[in-house]
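Should a chain be cited, it is by its letter among A, B, C, D, E, F, G and H, assigned in written order, with residues numbered from 1 in that chain.
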Amino acid sequence: MPINGWIEVDDHHCKGCGLCVEACPQDVLELNMERLTPRGYHPAQMIEETCSGCGICAVVCPDAAISVYREKPQRQAKRARR
Amino acid sequence: MPINGWIEVDDHHCKGCGLCVEACPQDVLELNMERLTPRGYHPAQMIEETCSGCGICAVVCPDAAISVYREKPQRQAKRARR
Amino acid sequence: MKETSIIISGFGGQGTLFAGQVLAYTAMDNGLEVTWIPSYGPEMRGGTAHCTVIVSEERIGSPLVGSPDIVLALNLPSVDKYETLMSSRGTLIANSSLVNREIERGDITSLLIPANKIAEEIGMSRLANMIMVGAMTKLRPILTLEMVKTGLEEHIPERHRKTLPINFEAIDKGYAFAEEAGAS
Amino acid sequence: MKETSIIISGFGGQGTLFAGQVLAYTAMDNGLEVTWIPSYGPEMRGGTAHCTVIVSEERIGSPLVGSPDIVLALNLPSVDKYETLMSSRGTLIANSSLVNREIERGDITSLLIPANKIAEEIGMSRLANMIMVGAMTKLRPILTLEMVKTGLEEHIPERHRKTLPINFEAIDKGYAFAEEAGAS
Amino acid sequence: MNTTTQVVYERPESLTGTHTHYCPGCTHGTAHRLIAEVIDEMGLRENSIGVAPVGCSVFAYNYFNMDFVEAAHGRAPAMATGIKRVSPENTVFTYQGDGDLASIGMAEIMHASARGENITVIFINNAIYGMTGGQMAPTTLPGMKTTSSPYGRDVELAGFPIKMAELLSVMDGSGYIVRRSLHDAKHIRQAKKAVRLAFETQQRGLGFSMVELLSSCPTNWGISPQEALGFISERMIPVFPLGDYKVNPELKSIRV
Amino acid sequence: MNTTTQVVYERPESLTGTHTHYCPGCTHGTAHRLIAEVIDEMGLRENSIGVAPVGCSVFAYNYFNMDFVEAAHGRAPAMATGIKRVSPENTVFTYQGDGDLASIGMAEIMHASARGENITVIFINNAIYGMTGGQMAPTTLPGMKTTSSPYGRDVELAGFPIKMAELLSVMDGSGYIVRRSLHDAKHIRQAKKAVRLAFETQQRGLGFSMVELLSSCPTNWGISPQEALGFISERMIPVFPLGDYKVNPELKSIRV
Amino acid sequence: MAKELLKGNEAFAEAAIRAGVEGFFGYPITPSTEFLEHMARRMPKLGRAFVQAESEVAAINMVYGAACTGKRVMTASSSPGLSLMMEGISYIAGTEIPVVVVNVMRGGPGLGNIAPSQGDYYQMVKGGGHGDYFPIVLAPASVQEAIDSIALAFDLAEKYRSVVHVIVDGNMGQMMEPAELPPMREIPTESPPWAVTGAKGRNPNILTSIYIDPVDEEVTDLRLLKRWKEVEKNEVRYEEYELEDAKIAIVAFGTSARVASSAIHDAREEGIKVGLFRPVTLAPYPQKRLDEIAQQVERILVIEMNSGMMLDDVQRVVQGRVPIEFYGRMGGITPLPGEILEEIRRVAANEDEVEGDPRNEWMTRLEKKIMGGGE
Amino acid sequence: MAKELLKGNEAFAEAAIRAGVEGFFGYPITPSTEFLEHMARRMPKLGRAFVQAESEVAAINMVYGAACTGKRVMTASSSPGLSLMMEGISYIAGTEIPVVVVNVMRGGPGLGNIAPSQGDYYQMVKGGGHGDYFPIVLAPASVQEAIDSIALAFDLAEKYRSVVHVIVDGNMGQMMEPAELPPMREIPTESPPWAVTGAKGRNPNILTSIYIDPVDEEVTDLRLLKRWKEVEKNEVRYEEYELEDAKIAIVAFGTSARVASSAIHDAREEGIKVGLFRPVTLAPYPQKRLDEIAQQVERILVIEMNSGMMLDDVQRVVQGRVPIEFYGRMGGITPLPGEILEEIRRVAANEDEVEGDPRNEWMTRLEKKIMGGGE
C-alpha cells in the first residue's frame, strides 16, 4: 500500500499518554521509549507507513499534539478549509 | 330542621378575612360589621341555625379561629379523637 | 420657628405616610428645610404606621425626634404612645372616631376631632388624614392652609388628581372644625 | 549539631516526600526535635515536589529554610535551584542518573550518585530516594545508617513491609557508594 | 334520641395560642394548621424540630408549639441536615417560601434532596416575595406585575417560573415529592394528606420529602383574600400542575 | 495521478501554543480542543469571552486564544450572566467541572438556565474533584472510592449522583441540553457536534445551552489514561446516559 | 435642576443611573429594596441591564462579570446580603476591576432586624473578605451627599480599579429630603484597555485573581497596597462643624453625625464648646486631620450606631493624646439628639481620666438606661 | 500517650474527634482538605456525623443547625471558604450557640493561591460578617499547640456560647511535627438547657437571631458585649520568648512568630537584645501585657504574613509610647529567618524616629527586594 497519510507529533504538547496509540485503527503508532520530550514524556511516533490519514489519533489526542496530513488526487486539490 | 351543628369563632385569632363565609355550603356565616375584635377586625359569626357541622369553615380558616361541634346520636357517643 | 417636628401616626392604610409627604412637599416648596422618614418595612407587618416630618429654617441634623412638637394621632395606640412623649407646649390632634378617651396631659394643646366621621360625611372615608392635616394648619400654622393646598395640588399623584376638590374639602373641614372647637 | 536543615527534591513520584518522612520519624525516635513540611497542593500540578526536614536538639522555630544544609536532589531542576541557595559547607547529593552536569560550587560538599541506575540494579527503580538517603547517612551522619534503618522499619506502611529488605539494600548501596566515592 | 356533642374541629395542640402576624386570609396560616394537625395526629410534637425560613413565615416558631430554629435566608435545608445528622431520632422539617427555597436556597434544597436527607420540607409557593413587599419570585407567573417586575414578568429578561416539584422529582434521593394547593376545602384536605405522607416518609427513613403548596398573598397580589384563592386555581395551577411527582412505592400502601 | 497535501487535522487557532498543566491523558484537553475547533469553525474567536472555573481547568484562560475571565468557585454562570447582559453582542461561555457546576454552583447554574440566559455552558463531568486531589463530587458513582468517601460512596450517607442534564432539561429557559462522552473518537465527534449546536443556540438567541461531557481523571481515579476511557464507557455511561435531554425545535434543522 | 423631595434609596439608584450605570444586579432586602425596585422600573426602559439575581452571592458575581467588560456596574444590598458578597468582593479586589457596592445597613448580627444601624463598620472598612485588599468606603450623611457619592464612587472605582463601598444606614435609605439630582452623564463608548470585549485585533485580555506563584501574588498585593497609598494621599474626605474653638470633638459618621450635629447645636446654646468631626471617607480614614484635632481639643467623644467599631480607628490615630469617650446605640436604634446632648453635658462636666476601654462606662450607663424602663 | 509525628491538618481533625466532636460539615479546599479527609475516614466509623456539604455556605449552615442541638460540631476551611461562611457565622453569633471554625489560611485576595498566609486577620479577628459580634480567635504556632487549641476552642465556645475561630496558615496545616494527641473525651449525654432536642416535658426552645424590635436587639447586643468583656477578662493568652531584657520586641503570631523565634535566637548570638511577644488569642487581644512591654522596650517590630493587619491593633494598644516598625510578606510567602534577622539588625542599628505609617519604608524595601531579583 502506498503512503496516503502521515502525522506529525508536537513535542511541546505531547504528554505520552498513549491514547493515540490505542486509538489508531492502522496500529501504526507507538510511544518512543528511547526519547524524552523537553517536558520529560515519551512522545508518540509513527512506526509504520500505513497511516490512512483518518485523523482518529488527532481526534482522541487531549493535547492537540497531532497534525494529520493526507495525499489527495489533484482534482480535489483545493486545500481543505481548516 | 333541628340544630345539628354549630361553630365558635375565637376573637383572638379571627382576622375577618371572610374565607369561611364564602366557603360555608349552608351559607350560615357572615362577618359581624357591628363589632371589632380587640385586634380591630370584624369577626365571623353564625347567622342561621342550619349549620351542618361539616367543618368546611374550619378547614379553610387560615387562622384556626373556628371550632366546630356537632350533635351526635348517643350510640356513637364516643368523643371523637382529636 | 426654628425647627418643628411632626409625627403622623395611625393604622396602616390610614394614609399617615402620604399626609406627611404632603407636609414635606409643602415645606420644601416654601423654601424650608425638611426631612420625612417613615416607619418602614413590610417585615414589620401589623402595628402602626407613622412618619416623622421635621421642618426647619436651618439644616436639619437628626431626622428623628424623641419628643415631637406636633402629633396627628389617627388611632388609639398612637395617642397612647405619643401623649407621654410629646414636648410640653406641643400640639396633639387625635382622631376621636377611633380614640375613645380624653387627653390627659395639661401642658400640651390638644384637639379631639372625629376625623373618620367628618370624612364619611363628605363622602370619602379615606380622607381622615387630610381632615387631621387641615386641623393642624389651624392650630400650628407653620404651614398655612393655603400653602398645604398648593402643596397638595402640586404633588398629588396624577391618577388621584380628580380627587383634589374633595381633598381640599377635607382640609377645609378639618380647619373649620379646629377653628370652631378652639383647642383644649 | 544544633539545627540541620535538609531538602529532598525531585519530580513528583520520585518519593521525595516519603524519604523526608523517614528522616523525620528517625529523628523523632531518637529524641530530636524535627519538622517536616512539603511543597503541597495538587493545585500546583506539574513541577517539582520537595520537602524540608529540620532536625534539631532545640525547639524549632521556622520549619522553612532559605539556605539548606543538606540537599538531596533527585533531578536536574532541583540541582539548578538549590546549588545556589545552599549554605556554604552544606552537602549536596545529586542523582547523576538524571543530572547531566557537574556541581560548580566549591564551598560545599557534593556527591553525584547514579541513584536510578543503582536502584534498577537492585531491581526496584522506585528506590532512588532511598539510595540518596543512604548516601546522606554516610556524608552527614546526623542520623546514622542504623538509625535510619530502624526508623524505616518502625514506620514503613504495613502494605509495604515486604519491601523492607530491598529498602535496606538501597540504603546500604547508597551508603556504600558514598563511602567509595568520597566526596568532592 | 339522646345526642352528645362531638368535636368536629378544634385548634391543634401543636399550634400555640399566639395570634399570627399574617395578613387576613393569607394561606400561610392554613399551611401552619395542616402541619400542626398532622404532627398532632402522628404524636410527634415532643419530638419535632422545625426550621423557620426568612420570609413572611420567619416567626413560625412563635406559632408552632415545639422546638424551632430560625435559618438564614434559603439555608433551612442545610440547617435541617445538620440537625438531623446529629439527632436522627428527631423529626425535622423546614417551612420555606418560594424566594427562600427556589431562589437563594436553590443549592441547599437540591442537595438535601440529592443526599436523600430524611427531612420534610413544606414549600409555600405564593409566586411572590411576601415579606419584603412584593418582589418577583422565581415562581412569579409570566406577565405578572410585582415591584421588581413592574411591567409584568418578561420571560425574556427575567426568565421562566421554576417548577420545584418537577425538579426535585429528578433526584434519586427524593422519596416523596408532590404539589398541592390551598385554595379550597377539598384541596386543603388533599394537601393535608400530602403533608401526612411527607412526615410518614421521614418516619420510615425513605429519604427526602417535599410538599409544594400553592398559597395566596392577597396583600402583595393586591386583591381580596377570596379573589386570591381564585387566582391560585385559575392562574397558578395551570403553570404549576398539581400532582404526585415522585412517590416511593413503599408509601403507596399507607392510608391516611 | 498527481497528488497534493491535504491537512486532515491541525491545532485550532483558538488554542494558544501553551502546554497545558493537565495530567497525561486527561480529557479536559479534549474538551478544550473541541471548543476551540467549534469557535474556529464559527469564526467567533475575536468575539468570544470565556469564563474559567475553579477546578483543574482554572488556567483554561492560558490555553484558549481569546478573552477570558476567571470566576469564583461555582459562580461562572453568574459571571457569564453579568457579561452577557451588558455585552449581548459577545459570545459568552463557561467551562466548569462537576464540583464547580453541580456542587457549590448549583444555584447559579439552575437560575442561569431558568432565566434562559443566552450563554453556553460546557460541563466536564469527571465524577471527582480533580484539582483538590480527588474528593467526592456530586457525580461520583455509588460505591466509588475517593479521598472523602474512603469506603466507597455510601448513598445512604453521601447521597446519589446528580444528573445535571436531566435537571436542566426541566427548565423552560433551556434551549439545548445534552450529554455526550469523550471516551473514544466516535463519541468525541458526537461531542463536538453538540458543542457546535450549543454555540449555535446562543448565536440564535434560543436560550441557555449546556453540553455535559463525561470526562476522565486518570490521576485521581488511579488508573491509566486508557483504562480511564474504559471507566467512562463501562461505569459512567450507565449512570449518566448519553442523549439529547432538551433541544429547541429550531435547532433540529441545523446540519453540523 | 431644581431640588426635589427624594426618597433615599430611590435617589441613590437614580443617581447611579445618571452616573451612567449600565448594569444593576441585586437581590431584595430591607431596608435597601427600593434601590432595586427603582432599577427595575428604570433600567429596562433605558435599554440597560437589570437582573434580580437568585441571591446576593449570584448578584455580586454578576457584577464581577459585567465589570470585567469595562462597563459601569453595581449592586446594592443590606447587611446580611453584604456578608454573602464577601467572597465575590475579595475576587473583584484581587482582579483589580472597578465596582460600586451600596450597603444600606440594618441591625445585626444574624437576621437581626431592619432598623438602621452602623454595625457593619468592621466588615466594610476592614475588609470582611479574605486576603489583603483595600476597599474605598464613603459614608455620606444626607440624601444629597449620598447622591453625589454615587457618581464619586464610580469615578474613584475607575481611577483606582478598586471596589468602592457607599455605606449608609436604614434612615438614609428610607428618608426623604430635598435634593438635586445631577444631569445624565454620557456613557463612554470606549472600553478601558484591560476589559474583556472579544479579542478583536489585539491580544486576549485575561482577568483573574489567581496568582499560583506566591511571588506573583506578592507583587500583586504590593501593587494593591501602593495604589492604596495613592488613595490615602488623594482621596481623604471629611467634614467639620463648629470645631474652630471646640474643646470637645465628637467623631461620628453618617446618621450618627447628623444627629450629633443637632445635639451640638443645642449644646452650643448652652455654651458648651463642642464640634463635630465627620469622616466622609471611612477608608481612607482621615487620620492626619483627626490627629491635628486631637491636639486641639481636650476630649473626644465617639458616637456610633454600633458597639464601638470606628472607635478602634480613633484610638489608633489619637495615640493617647487626649481622652476618648464613647457613646453608642446598637441593634437598630438611632440615638436621639437629646441623648447625645446629655452625653455632651456629661463629658463637658466630667474632668476625670477615662480608664481602660472607653466602652466600659458607657456599657454600664446604657444597661441602666435600657434595662430600667426601655426606649 | 507518646509523641507521634503528625501532619497538621490530620492532627487537628483527630484532636477534634478526641475532644468529642459529633458532627463535621465541610467542603474541600486546599490547604485544609486533609482535615476533611481525616474526618471522612474517622467519623463514620465512630458513628458520628460527617457530611461533605455542597459548599461552604451550606457547610456553615449545617454546623449552625447541628450546633442548635447542643452537640459539639465544627467545620474547617481556608480563606475563600471562610468568606462564604460570613453570613452563617454572624447568624451563629447572633443566636449565641457554640461553634468551632478552623481556618487554614492561604494567599489572597480572590482565588489567590494555596500558599500559607495570614491575610485573613481582619476577616477573622474583626468579624468579617455583618453586625456587632465578637468571635474568640486562637492562633496556635505549633502542631501540638493547635491540637490543644481545638479542645480549648470547644470549651470556650461552650462556656461563652460563642463562635471560636482557630486560625493557622498553610504551613501549620501541611507540616509534620512530633506531637501528642489527648485521650478520647467522653461525649456528654446531657444537652444544654437551651438546645433544641424536641420539646418533651418542657416548653419549646427557640433558637433565633432575629429581634425585630430594636430594643430587643440592643439588649442582645449588649449581652454579647458584656459576655465579651468576660472573655477579655478571663481568656487572654500569649507567649513570651527572650523578652526579659529585650530592647526590641517582635510582635508576631502563628508561623510568623515561629520564624521570628529562629531569627531571635540568631540575633541573640550576635548580642542583640530582642525578644518575642506572641499573642495566642488574637481576640481577645493581649493588650494589657503588650502595653507593659511597650513601656519596657525601645522599639517594636511587628511581623506578619500580610500587609500589616495586626499592626493596627499593636498601634492602637501601644499608643505611641515606642516606635513601631513593620515587616510583612504577602501573597503566600513565608518569611525566612534570615530576612527577619536582617530586619532585627536594621532595627537594632537604626535609631531614627519612625515617621507616619510604619509600612511606608517597608514597602519601599520590599519592592526593591522582590522586583530586583525575586525570591
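As a convention for this text, a residue touches a chain if its C-beta (ideal position, glycine included) is under 8 Å from a C-beta of that chain, and two chains touch if they have at least 3 such contacts.
Quick caveat: nothing in here was measured; it's all calculated off a predicted structure.
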Show which chains lie in contact with subunit A and also with subunit C. none
Which two chains have the greatest number of C-beta pairs in contact? G-H
Separation of the C-alpha centres, subunit D versus subunit E, in whole Å, is 63
Between subunit B and subunit C, what is the separation of their C-alpha centroids in Å? 41
In whole angstrom, how far does the Cα centroid of subunit A sit from the Cα centroid of subunit E? 60
Which subunit G residues touch at least two other chains? 30, 51, 54-55, 57, 80, 87, 91, 95, 110-111, 113-114, 208-210, 212
What are the residues of subunit B that contact at least two other chains? none
On subunit E, where are the residues touching two or more other chains? 22-23, 58, 70, 72, 103-104, 106-107, 110-111, 115, 132-133, 138, 158
Can you check the complex and tell me which residues of subunit H touch subunit G? 57, 79-80, 82-84, 86-87, 90-95, 105, 107-115, 117, 119-120, 122-123, 126-133, 208-222, 224-226, 229, 306-307, 309, 312, 315-316, 319-321, 329-333, 359-360, 363, 366-367, 370-371, 374-375
Seen from subunit A, its contact residues with subunit F in the complex are 5, 10, 12-13, 15-19, 22-23, 39, 41, 53-56, 58-64, 66-74, 77, 79-80, 82
Partner subunit E, residues of subunit H touching it in the complex: 22-23, 25, 49, 51, 53-55, 57-59, 61-69, 71, 73, 87-88, 91, 95, 196-201, 204-210
What part of subunit F is in contact with subunit E in the complex they form? 103-107, 110-111, 114-116, 138, 155-156, 158-163, 166-167, 170-173
Residues of subunit E touching subunit H in their complex? 45-49, 51-52, 58-59, 61-62, 64-72, 75, 78-83, 85-87, 90-91, 107-108, 110-111, 115
